[in-house]
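Both complexes below contain chain A, partnered by chain B and then by chain C.
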Partner chain A sequence: MNRYVKLVHMEVHRFRYVLFGMMLLTAIWQTIGVIYYAKVRMDGWREAARLGNYAPRPFSFADIIGDSQFWFALPILISITVLGLYIFLIWYRDWIGRDKFAYRMFALPTARSNIYLAKATAILLFVFSMVSFQLLLLLLERQLFNGIVPSDYRMSSLFSEAVAANRVFELPLLPLEGVRFVVYYGTGILAVFVLFTAILLERCYRWLGIVYAILYVAACGTAIGFAANLNPYGYFYPSEITAIRLGIYLVVMGVTLALGFRLVSKKITV
Partner chain B sequence: MIELIRVSHRYLCRKVLKEVTFAAEKGQITCLIGLNGAGKSTVLKAIMGLTPIHGGTIQIDGKPIGRDTYEQVSYIPDHLAVPPSMKLSDALQFMEDFYSRWNKDRASELMRFFGLDYRERAGRLSKGTAAKFNLVLGLAQDSDYIIMDEPFAGIDLFSRESIAEVFSSELVGSRGVLLTTHEVGEIEHLIDQAVLLRDGTVARTFECEQVRSEEGKSVVDVMKEVLLA
Partner chain C sequence: MKRYAITLALVVFIAASLTTFYAYGADLHLPEYRLQTIEGDPVEAAALTLSGSYVGGKGSYSIKVSASGSERYEPSAWNQWMQNEGPLTSPMYSDFNALYEKHSGFMRGKVDTYSFYTDEDSLIFAKAAYTKGRDSLQDGTIRWSLDSLDLASGKQTHYWDEQQLEPASNAYAYVVDVQKAGAEVHVLTNVNRVNQTNEIIDKVFDTITGDPIRSIRLPLGEPSEPDRELQIMVLAEEKPTAANSRVLFLVREQRKNGMGTAATASDTAPAVFSEKLYEYQYASGEVKELPLVAGTEENNQVTSAVLSLEGETLIALQKMEESVTIDRFDLSAGLAQPQVTIKTSQLSEKTISQAQVANGRVYLLLQADDYFKNHSMPIAIVADATDGRILYKGTPALVKANGRPDDQLDDVWLSNMLVLR
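Then we have the complex of A and B:
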């Protein structure tokens, strides 16, 4: 098997319990939210029916998602935080502790760029595994909703309505428009590479490297910020602005990867 | 032959290695000797590309360091470089997965020789047992050279004996060995060549047998003469 694939497998294997833990937390927390708010709505329905005041509107799965903002958002925010921290830990864990694995990892008979790419691939796999798991979970939660709410009380809703009902899904996590999805996740992937290269600057030049890393992240942030804030109603046509944005994105990505590969191959110190 | 030619390395403004030049031949045991902070471990790390050099060249059999170096040279650092949660069996599998020159039979033989348990986790090994397993990972590769950093550090007498036994066995065979150690006395009779490092420079290189027969001095005598002068 290709050594890059083996490295990816190793990285995924090392994080598997945390990944399953985050999935379990998300599943338990959101399921409790669905059951709790479905029960609240059903109690309200029954109460209204008992008093005979008015006939409440049936509610949908999207309504429950809308009700339980906090229950859905919390495990997602925890997972985002854990994965954000792991971008750093995936490198630093090999340098800390009694047995520094960095000695073995950087003495493997493979191109060092494979180590960089394998760690990045692992992070992206974790992110997309969590997103896929969330989508799957939403389907299962809808089945649960249909199972526990009598048909008299409920009405159907589109899957996209359920996604749009929660601010965490709708804004950053699961943007429903294809272009926004590509832009958000593309920027996220670039951010992972920029942070990796910043970490390597620190690992190569230590205290001075922290200064280099901060300057590098600031420079990349400024370039991407400039690209994002280009005025679509200004001097350039929209197609030109898209081309400029894509160009800046590709330049930042290219420089980041080239610098990262050079650092990991020639400058790294264990 | 592992050859260092005028190799320099600095950390911030401090020069750690200053034009270090020496060669370690295949079939010989070369010992890098020096006081703490002389740059011994840095030399080994530089050979393995684990720290950059700022001058000079390092060649293995006439070729610069590259990814093939890691098949050609086994590196045994001064600690067990394996994640603590990994079982010894998994660590052996890891080595087999990545190194095409991994010799599974020799690994089994070494595990038996040192009396190691495959089911044990790396993080739970005592210092002596970890050092033995570290040797297994290094020696089970069919490499041309073996580099060892302080193989006897912090290890009890009996473990030292079994590790020293390895040097004169078929497990090392005709390979070239380059090692650093403070316990020169333990393996003095096994060393072919000694390189004395002082403050990042090579103070003296000599053939041990020649010094013994011509000057009537042991390695430790020369070491005291040069390093404590």
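Then we have the complex of A and C:
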């Protein structure tokens, strides 16, 4: 356990500057978006008041989040891309470079499955750190909004409304229903493990391993796709469909972990 | 420990923020509403649900309001995927839930609403499918398959039959009603062909042996001109699983699609030349024409009309802006009952936005003309279909603000009505 924690920390430590860089980029980009769109709304308010044609409706923080879709989505998409690439790089960086770090890593006096799990844990920590940072940032941005927009123009909104106002938050990133969060991120966690095992297939069998890896990812995708597409108006009842989905998820996860552990313990070469 | 400060901080940060968000921050705090009785018997509103949107604050959320409270529902892809109860919860028909619960093995994979029949002895499911031959212009076959469950013994039987049909390049068949008459089970099937009059076939099987007995093409008339077609609307028993010895057809002769001289989009509805109502008796095989029942008051423009068969009574409901008329025809006696009219002047100053007839009742939804502007709540009315007597009058009312500011509490637009049969 101690070795596993140390390995996780090592991976976090190696990525810390990139992680903080992504957080900084997100904070700067989104703050500019909030300030810009609050100013646009305030100018519109003042112009309407000057012309005196109609009394404009006050606007809320959720309105601003709704206005600035692109400004919020862009740093998030950049972060998703970086983390997606790092799923591969977290392994390949140990082979690539002047001195192969993989030599030392696989010589550590610990079960090699700990290396596999530590890398996966690190990726998940980065993902959830970014999600949590986004939540914190939204709170800070709301304070900023309250600070720059005079109270005459302002109306209150719920935090959940601000989250729901942005398509990137509402659909994949921060769904308001806890069950949806579990399903989305559960599938994401499985995808990370499947990709790790695919990478190890390539590392173990090289060119032939690429074929194995593609076939393995396709097989897992087919199993999950089959589970996702079970129709409640078909042969199975809804409770059975839930059980089948859970069963397929656990089987794919179990096979992926077992294969990954076996490859990293018995087959891997440096 | 100090060495692991970054990792530890990240773990604590993640746990704290996600837990706090899902415990306190993710709730939309939608206000709760309930259909409350203004006058009459609240039991009459048990089958009634109003649906619409809550638009307070940012965004719009679909909600349903009934006498038991309100709930948010989201017709999203997510709900289709994750929360869809499939055929287990029918918003239209109450008896299906019990059938799926009681006979889950037999009901597995059977979802077509109008394909069921049940009585105290048996539960029957019928299916019809049209299959093209190798040369689709030369041959096509319709195949019926039936599953029958003996409720006393639990024995299941399966039987089927096939029949060649006239060639058609594009056709499909489906069951519109299943009924039992003595030892025969009748599977009423609609065969649709593109640009042709649809055909109604009564396929009859022996309930004991499962042997096909006969197949009858119902004589519902022919178009009088080559550029015309018949549109046949089936009026089967309102409750799909219930027994009824007859079925009705509203046959409309109209110009074929694309053969008119439409100048504008509003003229594209095909011209209707005649309308006839037929009754078909399953036991005798007799088809006879019935008088068209509905008539409206003068100077009142009908905005929608509904025909419904409940047992031995044909009910015609016609909705105008400020009144509805209900015409009832006793099919066994062949007698038209006196017309019943319900006017909004009896009820409130609102107009009728929706009207439905079901369960021997007339359900009305009344809205103020400018309700979108003033956010006024609709009024739901339940009246006796036989005499128009008002049995229930209710309106959605706020039960719990749930932390929403006062100015958002009436931001609810309920414009649809759902009645459970």
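FYI, the second predicted complex is superposed on the first by the 269 of 270 C-alpha atoms of A that agree within 3 Å, B and C clash if a C-alpha of one lies under 4 Å from a C-alpha of the other, contacts with A are read in each partner's own complex, and residues count from 1 in each chain.
In the analysis below, a contact is a pair of C-beta atoms (placed from the backbone, for glycine too) under 8 Å apart; a residue touches a chain by one contact, two chains touch by 3 or more.
Predicted, not measured: the structure shown is a model, and the values here were computed from it.
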Practice task
Specify the outcome, clash or fit, for chain B and chain C once both structures are aligned onto chain A.
Solution key: fit
Practice task
Could you look at A:Gly225 and tell me whether it touches chain B, chain C, both or neither (first, second, both, neither)?
Solution key: neither
Exercise for the section: Go through the superposed model and pick first if A:Gly147 touches only chain B, second if only chain C, both, or neither. Expected result: neither
Exercise for the section: Return the chain, chain B or chain C, that is in touch with more residues of chain A. Expected result: C
Exercise for the section: Look at A:Arg14 in the shared chain and tell me whether it touches chain B only, chain C only, both, or neither; answer first, second, both or neither. Expected result: first
Exercise for the section: State whether A:Gly52 touches chain B only (first), chain C only (second), both chains, or neither. Expected result: neither
Problem - Angle, in degrees and to the nearest 10, that opens at chain A between the C-alpha centres of chain B and chain C - result: 140
Exercise for the section: Go through the superposed model and pick first if A:Tyr103 touches only chain B, second if only chain C, both, or neither. Expected result: first
Problem - Touching partner for A:Gly234 - first (chain B), second (chain C), both, neither - result: second
Practice task
Pick out the closest CA atoms of chain B and chain C after fitting on chain A and give their distance in Å.
Solution key: 11
Exercise for the section: Would you please give the residues of chain A that touch chain B in one complex and also touch chain C in the other complex? Expected result: none
Fill in the blank from the handout: Seen from chain A, its contact residues with chain B in the complex are 1, 3, 6, 10, 14, 97-111, 204, 208, 266-270
Completion exercise
Touching chain A in the complex, chain B uses residues 12, 45, 48-52, 67-71, 75, 77, 79-84, 94, 97-100, 122-123, 130, 137
Fill in the blank from the handout: Listed in rising order, the residues of chain C that touch chain A in the complex are 3-4, 6-7, 10-11, 13-14, 16-18, 21-22, 25-29, 57-59, 78, 81-82, 84-88, 100, 104, 108-109, 111, 405
Exercise for the section: Could you please specify the touching residues of chain A with respect to chain C in the complex? Expected result: 5, 8-9, 12-13, 16, 60, 62-63, 66, 125, 128-129, 131-133, 135-136, 156-165, 174, 176-181, 183, 228, 231-235, 237-238
